[in-house]
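In what comes next, subunit A is part of two complexes: it sits with subunit B in the first one and with subunit C in the second one.
And now, the complex of A and B:
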């Protein structure tokens, strides 16, 4: 080789290449477009549903629209994420990558960044459609942008979960575990908010509270309901959400890197 | 001569199905590859060739033993800078074109854009894919995939090229082109380490070989030294009668019209049959000495089980 980039820059460039390739892989796959077309159709359909609902038309469209963006992006994150590492090993494409001077954790980070890029494009397109629908019905509010920002934080966590399971097990098991994480994450707050106050025994209450703290809580990242009902989030909400995402993603990426570090690529 | 590869006491086992049992694939492999040679790593299917190559390229971790490539660990990223690898039946992202693949993998070496563009074009031409660079890999034939695999192995102008069954999937012309390319790499001062079960190809181009059988290297060294200069037998073609009954050291292989083809085991028998044939009025058409081939050596070692 004639010239060599400094090591740090080279690592960044390598991760960028892996990320772009992951992006290219997704946008050249039919499944991505099918999911996207389905999500966009549902967004448009939600406006029709608004006419059939009792209540504020714009509010219903906004509510259904944000839920659709959240649900379909999560589906895309899980669907693509569960195969991020596993399929590379299964299809043996990883042999050509990791025999090059690329650290395994950089490969992992590149794949992660690539899927986040795919999701960013996915979400941006859906936001565009939702905004157009809302503008048409006169219910557009700039508050959809922070709401989508928080949806993206949730996607960052979900992608890291899928990536972790993809590093250690098959896509089917990964899908089950990631969906379980998603469902638990969206229902665990009920432990602290509904179940714990009803329990009288102190030890049981402590147990339920402890369980809540161990389980993921993706509810703390969502402001969809607040935006729909035009309520401002509590002070410090953004910092808490950012910190929660940063810690969870870091832990999951570290665990994924550890799992891949000494793994035999048979 | 400096060493490109040194492998000592290499062992590797894999868990069986459902993690039951342990399958020992490599049982203390030892070999040394000097710099600048073409080294053939030969063995029957399941002998441990691919496992050794994956250990060499850092895709697997050894259970025991040591591998040094240019004196460093194969896991070292600096080592990988000097290495080019073609996996067995290479798999690529089929949504990329050949050129896109080379650009993508080239960027992992940190090659500048302009250099990469030139290099990708030159390599596509070198491996015979000049007009096919913009075709998606899903439309490539097996032979074309093998060629693009070889091109990506040479992207970084490596000092050591490791090829796992490079002739697989190629027609005779393709095999010849790959042989010529390997010889060219040697001329350029590179070390080529390749596994193969196509012994004729190995015999034509290798300076040194190792034969691995059931996880152990049973023979290693320079090809000429391994095969030796001793003649195993001669084939004699006579026109006319060989004169009387054939002695025990001579076997009739074929006869056509008044011509006979004989296999002669020793020099004494050869002299005898030539003399008796001449006495009986026969004409000697050909005397062909047969040295042991790599295939003979290989079969002998494989039959011996490496013990």
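And now, the complex of A and C:
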């Protein structure tokens, strides 16, 4: 027991170093700044969109702002996440890292934590801009913070997906697979909500419902559509969402760790 | 400058001119298309929900902005159908989009499609149990434009139930009841409006007092005339002739007493025709006094 604690601390310190390095690497990336610049421009532009509408300027800024944060942070997670492991292998820098007394799964967790840090900074900057725009136009509501919190939970899942695909395949295939996961995650609810009620055959309805339960549902974490109507999430929503995210992320990281362990990197 | 660079520059300039010319040609062809076919296609709600990738409110905002910019591009023959579809999609994406109901109803009212106005309003009322504006809007269109006083009564009753303190709603409810012929209930509403406003210092309270006083005056006459006329009718049906005077209705038990009009003058009665009339003039004149 006495030897386990320092080892744990060492692992934490190693993961911290890798996370910090990942963060530095990401913020030097042009993709990060291009996406951030687009997002900030869209957030500012949302006020112009609001003026095209009638009587709901604040609503347009809020809806467009939250959608921008959600969409662009997802793109950042995908485009930075897909290369996290593969580029290390391709550049052969991973051999240098793994030659040190560092477990592969700790390397993986470090990369994951680093990307989450990048996304936290990215989201925080966008929230700051959105809040400033909303304060200027008199539509600020503190409910944007929980909404962004739930967006971040979705990003945690998406990052884990990108990391998993990055551990098993090339960046191009990873990008396609992660984008597909994102699209499926945001459209799968239509199976239960729209398709199933239109099917008459009981077996087909059960098949569609079963498919819905198998496929990921990222939309279930979003409260963006409630914020503008000042509707609070239902009691018990927060801990269920946290647990759902934790379970999904754990599963994906375990699969990534397994995939990385099986690779011949020595 | 080498010959090759000069040729490249000339080619670039030629390309720019060609692009400009082609764009002009395309634009002139584009302008010949019928305007109503340019932009009215909005996919189904189910498709839009899926295509929104979870950002339904944002997509609803975009379709709403598009619709208010281009609603007049719809041809008059198809405008109502397509506008209803557009606002149906917007309110499917965000069922609590208050402005969509307001402007959807406004645009649909241009074609006098009251059935669609009522349908959109019903949807808004079902989507939000606290919303009263869709009922207020539908009631106003029914009352002022469609002259459908039964529908106006129904919608103002919903608006009043959801927002009991709004004085304009009470006033319109009382008016709808009056025009729908429900004089007794209309009288009760106006008496309630008078009670709430006569000692009030709220803005417009004096206006409501004046409106209530005039309506109570006219409705009292209407109610009295209707009661007296009904008693005369019953008297004749049972006895075969009109009563000799109004007092005989009280004496024979058809009425408990004979009222005077609000000015204190007795109602006039013609025993040959059985008609009861009022000496005092109605406060409301003109076309709208013919209720």
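What we mean here is this: the second predicted complex is superposed on the first by the 258 of 266 C-alpha atoms of A that agree within 3 Å, B and C clash if a C-alpha of one lies under 4 Å from a C-alpha of the other, contacts with A are read in each partner's own complex, and residues count from 1 in each chain.
Methods note: a residue touches a chain if its C-beta (ideal position, glycine included) is under 8 Å from a C-beta of that chain, and two chains touch if they have at least 3 such contacts.
Remember, predicted model here, so these are calculated numbers, not experimental data.
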Going by the contact rule set out at the top, does A:41 touch subunit B (first), subunit C (second), both, or neither? neither
So in the superposed three-chain picture, is A:10 touching just subunit B, just subunit C, both, or none of them (first/second/both/neither)? first
Quick check for you: in the superposed arrangement, does A:97 touch first (subunit B), second (subunit C), both or neither? first
Is A:29 contacted by the first partner subunit B, the second partner subunit C, both or neither? first
Check the residue A:250 against both partner chains and state whether it touches subunit B (first), subunit C (second), both, or neither. neither
Could you tell me if A:21 is touching subunit B, subunit C, both of them or neither one (first, second, both, neither)? first
Looking at A:206, would you say it contacts subunit B, subunit C, both, or neither? Reply first, second, both or neither. neither
Kindly list the residues of subunit A that each of subunit B and subunit C touches, one partner per complex. none
Subunit C residues touching subunit A - in the complex, by the definition given at the top: 46, 49-50, 53-58, 60-61, 64-65, 68-69, 94, 96, 99, 102-103
Subunit B residues touching subunit A - in the complex, by the definition given at the top: 14, 54, 57-61, 77-78, 80-81, 83, 85, 87, 90-93, 95-96, 104-105, 107-112, 115, 149, 152, 156-157
Subunit A to subunit C touching residues, read off their complex: 49, 52-56, 59-60, 63-64, 66-67, 70-71, 183, 186-187, 190, 193-194, 218-219, 222, 224-225, 228-229
Inside the complex, what are the residues of subunit A that reach subunit B? 1-5, 10, 13-14, 17, 21, 24-25, 28-29, 91-103, 262, 264-266
